[in-house]
Amino acid sequence: MTDSRPVLTMTGISKSFPGVRALHDVRFRLFPGEVHALMGENGAGKSTLIKVLTGVYDTDGGTVTFGGTEVSFAGPMQATAAGVSTVYQEVNLCTNLSVAENIFIGREPRRLGAVRWGEMRRRARALLSRLDLDLDVSAPLGSYSLAIQQMVAIARAIDVQARVLILDEPTSSLDADEVAQLFRIMRQLRDEGIAILFVTHFLDQVYAIADRITVLRNGQLVGEYPTAELPQLTLVEKMIGKELDILEGIDEQPKRAVAALEKGTPLVAVSDLGRSGAVEPFSLTIHAGEVVGLAGLLGSGRTEVARLLFGADRADRGEIAVDGQPTGLPTPSRAIERGIGFCSENRRAEGIVAELSVRENMLLAMQASRGWLRPIPRRRQDELVEKYITALQIRPADPEAPVRNLSGGNQQKVLLARWLITEPRLLILDEPTRGIDIGAKTELQKLVTQLSDGGMAVLFISAELEEVLRLSHKVVVMRDRRMVAHLANDDSLDADRVMQTIASGSHREEVNR
Amino acid sequence: GNSDTGDAGNDGKIVLGFSQVGAESGWRTANTTSIKESAAAAGIELKFDDAQQKQENQIKAIRNFIQQKVDVIAFSPVVESGWDTVLKEAKDADIPVILTDRSVDSADKSLYKTFIGSDFVKEGRLAGEWLVEQKKGASGPVNIVELQGTTGSAPANDRKKGFAEATAANPNLKIIASQSGDFTRAGGKQVMEQFLKANPKIDVLFAHNDDMGLGALEAITAAGKVPGKDITIITIDAVKDGMQALADGKFNFIAECSPLLGPQLMDLAKKAHDGEQVAPRIETEETTFTQDQAKAALPNRKY
Amino acid sequence: MTDTRSRYRAVTGHQLFWPVAVLVVMLAANTIYRPGFLSVEVNNGHLYGTPIDILRLSAPLILVSLGMTVVISTGGIDLSVGSMVAISGATACLYISEQPDQNSLPAVLTGLAMGLGIALALGAWNGVLVAVIGIQPIIATLILMVAGRGLAQLITEGQIITINSGPYRAIGLGHVLTLPLAILIALAAALLVAAFTRWTALGMIIESVGGNAEASRLAGIRSGRVVFLAYVLSAVCAAVAGFMITANVSSADGNAAGLWVELDAILAVVIGGTALAGGRFHLSGTILGALIIQTLTTSVYAMNISPQTALLFKAVVVIAVCLIQAPAFRARITRQRRAAPASPPTPAREKEEVPA
Amino acid sequence: MSSTSLTLGRAKLRLPRRQVPVLATLVLLLVMYGIGVSQYRAFSNAQVVFNVFIDNGFLLVVAVGMTFVILTGGIDLSVGSVVAMTAMVSASLLQQGLPAQVVLVVALLIGPLLGFLMGCAIHFFEIQPFIVTLAGMFFARGMCTFISGSSIPITDGFWTTMSQQRIGDPQGNFVSISVLIAFAVVIAAAWTLAYTRLGRNVYAVGGNPQSALLMGLPVGRTRIAVYTISGLCSAIGGILLSFYTLSGAPLIAVGMELDVIAAVVIGGTVLTGGSGYVFGTVLGVLALGVIQTLITFDGSLNSWWTRIVIGGLLFAFILLQRLVGIRYK
């Protein structure tokens, strides 16, 4: 912020994909020693702008000036070499390689052309400990959860001696602790004079770290503002282009009463379900109309609980009863038959089928449960798809667009629609708000409330504790792959108490085991 | 037999290791059967290996025969060249080698005892000579189409060569088209279909084996011509179906290539094992057939 | 102006445009070489001519490729189709050859049923190996590719079984409404597979499994069944192709029937625009691919290209076909032409697609 | 952070699993060898093992090249034809009287050149490897028959020495020079994959090409490199084959690509790329070699039973390998 000459300037950037104008005459400046937030709704063009900058996409027009000279990177390789280090949206690492390699590949420590594995591992450990992570760096990256993969991607990016660091939604799956850790490092780098471009949908984070904000809307520049001069509400208005009191709406959500729901046979009763090496045996009941929140730190086993419940991983012990009827251990198709839906956190690997259209992706789960012999009539398909495209504001609103062409947040919405269409009785949402913009997030939260009011049970997992507390009737706390507490979400429960429970791992105040 | 050398032969039987090319045709199968039957009849223990048309596999098989210390090795080489190294190993192990069906091009003739089999060039030549004889009086040009065997295979090369040599005697005989039908009926038929469409006047068809000729028959019939009359058909091999076609007047001439060299081979194996002197080249008894000869011979054809 | 251009775009952008263009060019080249190439006449009440030959001969390949398309779409591959062709043809011919009256329709039908039955069993075997045991498709089907040929030879005992059966012959050589029956069977099969996959949800489910197996599993698709079905379908298609190939020459050759047809079939599928990695499949593209391959083979004979150079010729054509088909190649060519006068500093390029 | 220490514990437990497929293959191979020894006389001769190496040296070298390609998620169908073409070119050049060194250089250049061109077509024009290398296969085979319709013998002194030189122990057991060359190639390849940037990029590209691109790795260069390497290995394989047979034949090594792919896959390399080892490929080649040796030693099978038994043994091998793999999963 101090230096008056920007290290990076993009002017007149335009980029069209077939049928979509992703960017139109966008201007963007980045100064050394600043953290610059790029804001906008899902599909506003943030990721596209980044990819144009690093040469993943070609521009249709416009110039990029970097360090005073006009550049046109042919690809990430050149961009990295020139000093632009990027973490793209979604984890873009190789899960088959070890953690250490994912950090260092392309610039491994070598002697006489030979990779020095020991040195590489040592340096990887050192680097990760800067992020407060202690991983087995020779284990394949794929054996770690998405959040850890995200941290590894960040580690890779900050290790490069770069002048510009670009982080596209790095915090979407991180817990408060990790975010704090990341911010500490970002500040440190900023103070060293590195320019940081930061994309997120969390307004708090923007105000916590950004010096300056650029807002995009529908591929067009809305404006560039110093953070201090842009109140939250104005920012949201600029992003969505309308005057809306969304923020109040979220904050004023009342606490949800739990007592009334806990009567009668639970919809799903889990006893001693477990899988060795993944999660300790746990018991859990979920009633119709109940929202159960899962809270815990990164890697505490929330995802694993969800996967076991749905049968995505095979449990090796325990029982599940649906409507009081014991059922065998679930497989995904059996779980769906019983009215359970599971929206995975890893949308790229476990969610979307990239090649298929938005329509087909939305209808996949419903079709699977009907069996292939009973296709959904075309009219009904169109109705359903239309309905959810409107309801979730999916853009572009073209049912036949290949889903791979959608922005990350819109892909997430498509997945959500996939499960809502099946009208499940229990919907497991693993980080459903990951990467979706503030407007859509509010909509989603409203939707969850509505659905549960209508009798649907929801198991809600989110890295955002506030969100969990806001929506849940009951909060289940995970720690070290063990379920340590079931807390009724009454007036006495707040984020601090949940954090305490996580920290102490105590079993107090258990409700209905 | 003598048990002193035969280590693999447990009861004093001669052990013969035989590496066959494969089972790519009825002809080859008849050849295999003949060898198996005559081995049993002659009291020779046969170690049979099928190389699936690959030279590499044959070399491997011969190496393994050497390890097993068989008494005699025999094989039908897939190709002529490339045997010196392994034959030298056999020689060093004092195992006599007999070639069947096809020779090898080793400069060192001491690497094998003898070669028994047909001469592909000669077969082609016999076919060509018959044609020259038939068309002696022809005044105008005689258009010949040729169905070659698998491109690059020895029988195809040699039969083509022999036929071309023989027909060179009469400048009226012209090969107007020559394509590979891969020794198969389907191939022969498909190629002949195109020959017929591309060339209005075809007088003679020369097929490198019966099967291609049989396939071509169908194409000729479908084109509304009469095989054997409108188009003279010459083939090689004389398998049963071919002989039948010849007897029915659909073919005009077949040069035989006999697969039945089992008895001769066993005889040679015994002699080689006993260290007797044998002639370096033994031809199988082969003949040619015209339509009348085919009628006479057909009832007692074995394959 | 813009209208014609956008229409031009729409036409050339169509997924079948380039395969069709290639086919047309090949036919045109043949016609230049021999003007009578495309001529068709009526002979004995049915059509007779090179185009008809191409249609008839491509029928088995079309069939095999149809099954292959579906298998490839699930992310697999089926190398055993060639052996399957040989086995089913040999079984049917063996049975028919043993009947006292080879022309009796029931006997022929029984023979066909037996051939189909064996193919079903072998297809199920492939399906189990891939879908249940989880062996990589290429190696799972390689087992039958090797052993199956042996099985076919075992059935024929290494001989060529010649039969003399009118009804059986008709599968390969019959004519209906002056058109070869074989191509009608192949087209009927194509329509059947298309209906089977597109009127039901099977097509989408197959594409989903091939596109992202894990996501499909989590969406509740029992991908095992779909994959299993694909291999069975492929085997059945190959079996019918086997009947055609053997009927065409009225004889079953355990060694040569269907030899290397798997490569041709895969090539046809790929030319037709289906990616080998799985996902979206295009049946009409596959059919065109098969026609292109057969036209190429026929061209070699029709132009009398010497067998020694035939393979080189094929290679050149295949290279040309894949280049023309590749959007990236065309983009380069057209851009270069356009860029030449204007010469912007960095010509726009299309790059690898990256998910958001 | 308490959770991460647990992660560590779990990951440690997982570590040896990566080697399990390879270990399983090794054990099965030994079992198969044991069966041979117990069933057939003379199977226990050391020379039998050496012969497996002698007879499969060229296959091994080609399979090593294929391993690179498959690790990136590609496939190279042209290898068999390139092997044949290299042998043909060498034989025909030698026949024309060129000196051995020149012939070697020329022959060793053709394969990589073709591989390089194929790699470029795959990368720049985004054409599927299968179709590009299939065209390459037609081309190379076409060159073979184009050079000569029949086989060409090699009488050159250098070739003859390389072919017939035996390196052995006093008991008369020996290996050929080709085996040593094959081993050298294997070691060089294993080193390249494990210790060079190129090698690690190969795994990255196979794991996820899009990620590799975004990580700033030279995806295009790596792709082109692996096809070039495969071409080079095929060329070396072709030379070894010409040592082996002392001739060039137009129809040699037909269908070899399938053997090679089978060997690589049996060796535990996943066809979609990203995981596998050269050592596994060695085991895969040995497995195929031992199966064949077993069948020759048996000597009672006719042609079709030979095929059926090969298929059966292959099946048993892969099934067991898979089951062992699952057990440890």
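Chains here go by letter, A, B, C and D, matching the order in which they are written, and residues are numbered from 1 within each.
Just so we're on the same page, a residue touches a chain if its C-beta (ideal position, glycine included) is under 8 Å from a C-beta of that chain, and two chains touch if they have at least 3 such contacts.
Given the structure is predicted, the values throughout are model-derived calculations rather than measurements.
When the partners of subunit A are compared with those of subunit C, the chains appearing in both lists are D. Mean C-alpha positions place subunit B and subunit D at a centre distance of 34 Å. A straight line joining the Cα centres of subunit A and subunit D is 43 Å long. The geometric centre of subunit B is 34 Å away from that of subunit C, both derived from CA atoms.
Rounded to whole angstrom units, the spacing between the C-alpha centres of subunit C and subunit D is 29.
Among the residues of subunit D, those in touch with two or more other chains are 145, 149, 210, 213-214, 302-304, 306-307. Multi-chain contact residues, meaning those touching two or more other chains, occur in subunit C at positions 153, 158, 307-308, 310-311, 353-355.
In subunit B, the residues that touch at least two other chains are 22-23, 29, 32, 151. Counting only pairs that meet the touch rule, the chains in contact are A-C, A-D, B-C, B-D, C-D.
Per the touch definition, subunit B reaches subunit D in the complex via residues 7-8, 17, 20, 22-23, 29, 32, 36, 46-50, 52-57, 59-61, 63-65, 67-69, 79-85, 88, 105, 107, 150-154, 156-157. Every residue of subunit D that touches subunit B in the complex is listed here, in rising order: 40-42, 45, 47-48, 51, 54-55, 144-145, 149-155, 160, 163-164, 241, 244-247, 249-255, 292-293, 295-297, 299-304, 306-307.
For subunit C in complex with subunit B, the residues that touch the partner chain are 34, 36, 43-44, 48-50, 53, 57, 153, 157-160, 162, 173, 245, 248-251, 253, 255-257, 297-298, 300-302, 304, 306-308, 310-311. Against subunit C, the residues of subunit A that register as touching in their complex are 47-48, 51, 56-58, 60, 72, 75, 88-90, 310, 312, 332-333, 335-336, 342, 344, 348-356, 360, 363-365, 367-370, 372-376, 404-408, 411, 418. By the touch criterion given at the top, residues 199-202, 204-205, 207-208, 211-212, 214-222, 226, 279-280, 345-346, 348-351, 353-356 of subunit C touch subunit A in their complex.
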